[in-house]
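Take a look at the structures listed below.
Next, two complexes with chain A in common: one pairs it with chain B, the other with chain C.
== the complex of A and B ==
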């Protein structure tokens, strides 16, 4: 393949990986914006979402792209439960506590999943496996295109929800000023539950899209993407959804570029190298506010 | 912490170590002895993590220092032929050096960012170990590490146990001394209120770096000890598990206290091995996760605060006083 072909290939891989990161980072940002907490166990929701999709697919054989909605719904419920049982009692007791609590959640979800589904690598076969579309000199798998379309649709849906619905407006109000929102009669605890659930649903979407593209998965699949999603929101600015989208795309591109230039082993480490360099220069992140 | 509590903790720790010294006379089992050695090593490791947390910095990547200490000590021992008992401290010094380097990027960062950077740092170190540094480190296959004592020495396991016990006691004593000294006070001041600490003439950057160096050094000692005890090391050492265990131990025992890491490590090790006996594999981790979350929600100051809580509760019952808001900070 010529140089241009390789270059396009990397770009495409980057965009595809970027979609997963965008969904994860947007979910994290949604939760952070409203509750001002950081859930390091967010990747575990991606994993649970992936397993729910896979289980339904193995049982019924429905097109996995359709199961994404069921998986997201299930994760809204699981997320709401986790928020209610674990995070609400420790809200406001310090940021370190949230980090430690996430570690407990990681233990529970990863190993709970291993108990239910074993820790073997599994995979789901997409119904569009092997179908490619010619774009320029490149043959792009249809699955990749579908994943990008789904990501765009989900993000647009979220945007409309936040802008147009009453609950969405209440969420934005709470994230701007929690006390003010309480004063005007918004039930902020209800908003907390909804935001957490929605964030988890986005993670479930990411997990589903990850596995339908033919990636193998096991209960430990979520940790690294989630930590990278953190790196993205730190780079893109805590609480900023456009920042998460741009950061996600850039991270996907940087990672795949680095994997090509330095070897696949650097794929995970490179995001942290970027993160550390950025934080050395700007301790509050690229677009972070001075206050925090 | 009031005076009464301080004393209880001190005597409790001394009693625990005295008991640990007597244990080999109570059991013949080499399995238990081996378990105890690993437990002591994790007490050192958890205490090292706790020291950093004492200065307000929660690291999610302490496995990096554990592993660097282990690799450096092994490689120095192999190249120079020195006894592991010397190289342990040289390897740890290397870990401290790296600790200062990573500390330099972290000193200006707040909780989440610091957690992220330390987590990522462990991954970067692992990646380096299995890529560029493969000629020295053996890549994913790992390398053999010289044993603390040659198995040909009669009763070597017993001697090794006491050697590790002495190093553990020395580490805890050193940490106690640091916590009580002006340095420890400065750590506390920075953790509680950085602005006021600065106003009192404490340079937060210098003390944060010092905390990183000290914590990395002690973690490096623990890592080197473990690897020379086992006799083999692989990059798995840098894994997330090794970063999360000390946190779990400390949170359960009591964050920021001298006795916390010791209590937490002992209690969790007993639970862990007990669950192992029942044949649980993944279930053990689920239970540990549940215990951790319950401790964070219901016992935020850890097991070491349990006697106090019971005391308080009994007093209230006796006086039939109305429920008071606990004086947590």
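== the complex of A and C ==
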């Protein structure tokens, strides 16, 4: 493998990792943008989405790329329930309540998943396992191409939903000015439920694509990605969807570049090095607005 | 927003600090229950290592059941005592290990401890063991620091599992004596062609221990092996494509992994499936468990594992029957089969019982002395000179290790091992798979 080939391969792995981060961080940002709540348990929705996909796959053998829709629908329901039962009662009562509520949810979801599915490592075998496509000098597994295509399709779908539908416009309005949205008659509590559900559905998509790529998983899989998703939305700008997309890609590329150039132990650290640099230079993040 | 971030960070730091301040010093009272010997078993029942930890705890129960069914432990006064096991869940974390050890010693007042898996977790509560002077037979943590460290008194700690020093050295000698000649033969290369070895290791005491052992073995024995790439990764990592890309660019003849089973299986899968790195992967012994074989599937073909106990094969010799009996007893109670750490923990309970029997009392100093002078026949794992005893310097027992090679069984959809080294234990010869690609310096 020549140097250019190695470079391109590292870029490719970075793009793949970036796709997972984009979906997770976009969901988190959607929730934060509308509700302004800090939810550290967002990674657990990735985990639940992964387990729902895996369970349906193990029981039926249906192509996991098709199950992604079912998993997202299930997480919309679970997310709406969590918002209604847990977050709505404490909305506006202070960040401390949100933080400790979400930390509590992490333990509840992890232990609940361990009870249902055990905490053994598991894996899902993609139907396209072993199939590769030649792209330039690279021989790329088909699964990674599909993961990138699915990510792009989901993000495009979200964009169209936010731009073209009435509910999407109401979500944007609530995100920009919650009181103003209430004054013009928008049912912000309904928008909260939809936003939280959609954010969780994006996490479910991330979890599904994570396990379809052949990575093993257990109930604790969501903790580190959630921390990184927070870093990404702070990096990209709190509440900014384009910021989450650019931040996710940047994080994926930086992590893999650092792992190659500096060693694997720098893979996680580099995310936060970049975050600190961006915050020092531009405290609102790459795409954040003043006052946010 | 900046203040919000600072606020969140402060809360998290405070939470970590509070969690770290849970050590509870206390004066230990002697065990008062007559006719019962309390053995504390420290295992990871929850958290990332729970698969191994559950196996260790269940194996300990099988051992205690057998000892109790055979009449228990005979004490100096001629009375018989039954074993009572009390488990402490280390939660796969250092704080959890500290809590478990403290509770077993101060609340449950155990007579002796057995278990411990992660070296990082086990070393975190060794200070408590030293403070209370409770004999502890470590059956899972493989870093030599467990009994070699000098910052605390480790004299009550006995190590009944091979260390990373041992199996790093053993695997490197196997590479030199078996794989290197096979690769030279395949290439038609001269015998003095340097063997190109790459390392991919977990950035912990365990992984670094293997890295150090490989480097030291090459240097001390002046082996014709060059390390063409040494890559590390964070414990619990699941995406290894980038370090594997770097390793492939270095053109290795083989890759030695210092990884746990939940890392080793995805490493080999990603290497062969995604990177096209068609080489021999050598694994540490903790990978020799049923979950690893299940996870790795067909990509495990040709891989090598250093081992001392396998769920699917026993070496030629006397321990084969003992291993099968242990596996059947375990299966009858739990419906699954025990893994390697389960086997050494099973033996750990027998060692604890024998030491107390030899001491005749449960006094901890006397039991420690009995462990120092212990000599008992091997149980289910092959031991050097067929005897379990602890070295006088670092209180380590010595195992007879072997190397396994995996071959794919399409009917099962999994690989199964054969023992290929050393000659006195092997069941088949090592072979280079047809798809194997040797490295080159170009």
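Assume the second predicted complex is superposed on the first by the 277 of 292 C-alpha atoms of A that agree within 3 Å, B and C clash if a C-alpha of one lies under 4 Å from a C-alpha of the other, contacts with A are read in each partner's own complex, and residues count from 1 in each chain.
Keep in mind that, in the parts below, a contact is a pair of C-beta atoms (placed from the backbone, for glycine too) under 8 Å apart; a residue touches a chain by one contact, two chains touch by 3 or more.
Quick caveat, the model's predicted, so the values are computed rather than measured.
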Fit or clash - chain C, chain B, common chain A: clash
Chain B versus chain C as contact partner of A:276, first or second or both or neither: first
First (chain B), second (chain C), both or neither touched by A:95: both
Partner chain in contact with A:234 - chain B first, chain C second, else both or neither: both
Chain B versus chain C as contact partner of A:196, first or second or both or neither: neither
First, second, both or neither for A:263, with chain B first and chain C second: both
First, second, both or neither for A:57, with chain B first and chain C second: neither
Touched partner set for A:65, first chain B, second chain C, both or neither: neither
Touched partner set for A:115, first chain B, second chain C, both or neither: first
Which superposed partner A:129 touches (first chain B, second chain C, both, neither): second
Clashing chain B stretch [against chain C; choices 8-16, 188-196 or 224-232]: 224-232
Common interface positions of chain A, toward chain B and toward chain C: 38, 95-96, 99, 103, 114, 119, 224, 234, 263, 265, 268, 279, 283, 292
Residues of chain C defined as touching chain A within the complex: 1-2, 4-5, 7-8, 11, 15, 46-48, 50-51, 203, 231-234, 236-239, 241-243, 245-246, 248-249, 261-262, 265-266, 269-270, 273-276, 291, 295, 297
Interface residues, chain A side, partner chain B - complex: 38, 40, 86, 89-90, 93, 95-97, 99-101, 103-108, 110-112, 114-115, 119, 223-224, 227, 230-231, 234, 263, 265-266, 268-269, 271-273, 275-276, 279-280, 283, 285, 292
In the complex, chain B residues that touch chain A: 53, 58, 60, 105, 108-113, 115-117, 119-121, 123-124, 126-128, 130-131, 240, 244, 247-248, 251, 255, 282-286, 288-290, 292-293, 296-297, 300
Chain A - residues contacting chain C, complex: 1, 6, 9-10, 13, 16-17, 38, 95-96, 99, 103, 114, 119-121, 123, 125, 129-130, 139, 141, 144, 214-218, 220-221, 224, 234, 238, 256, 259-260, 263-265, 267-268, 279, 283-284, 288, 292
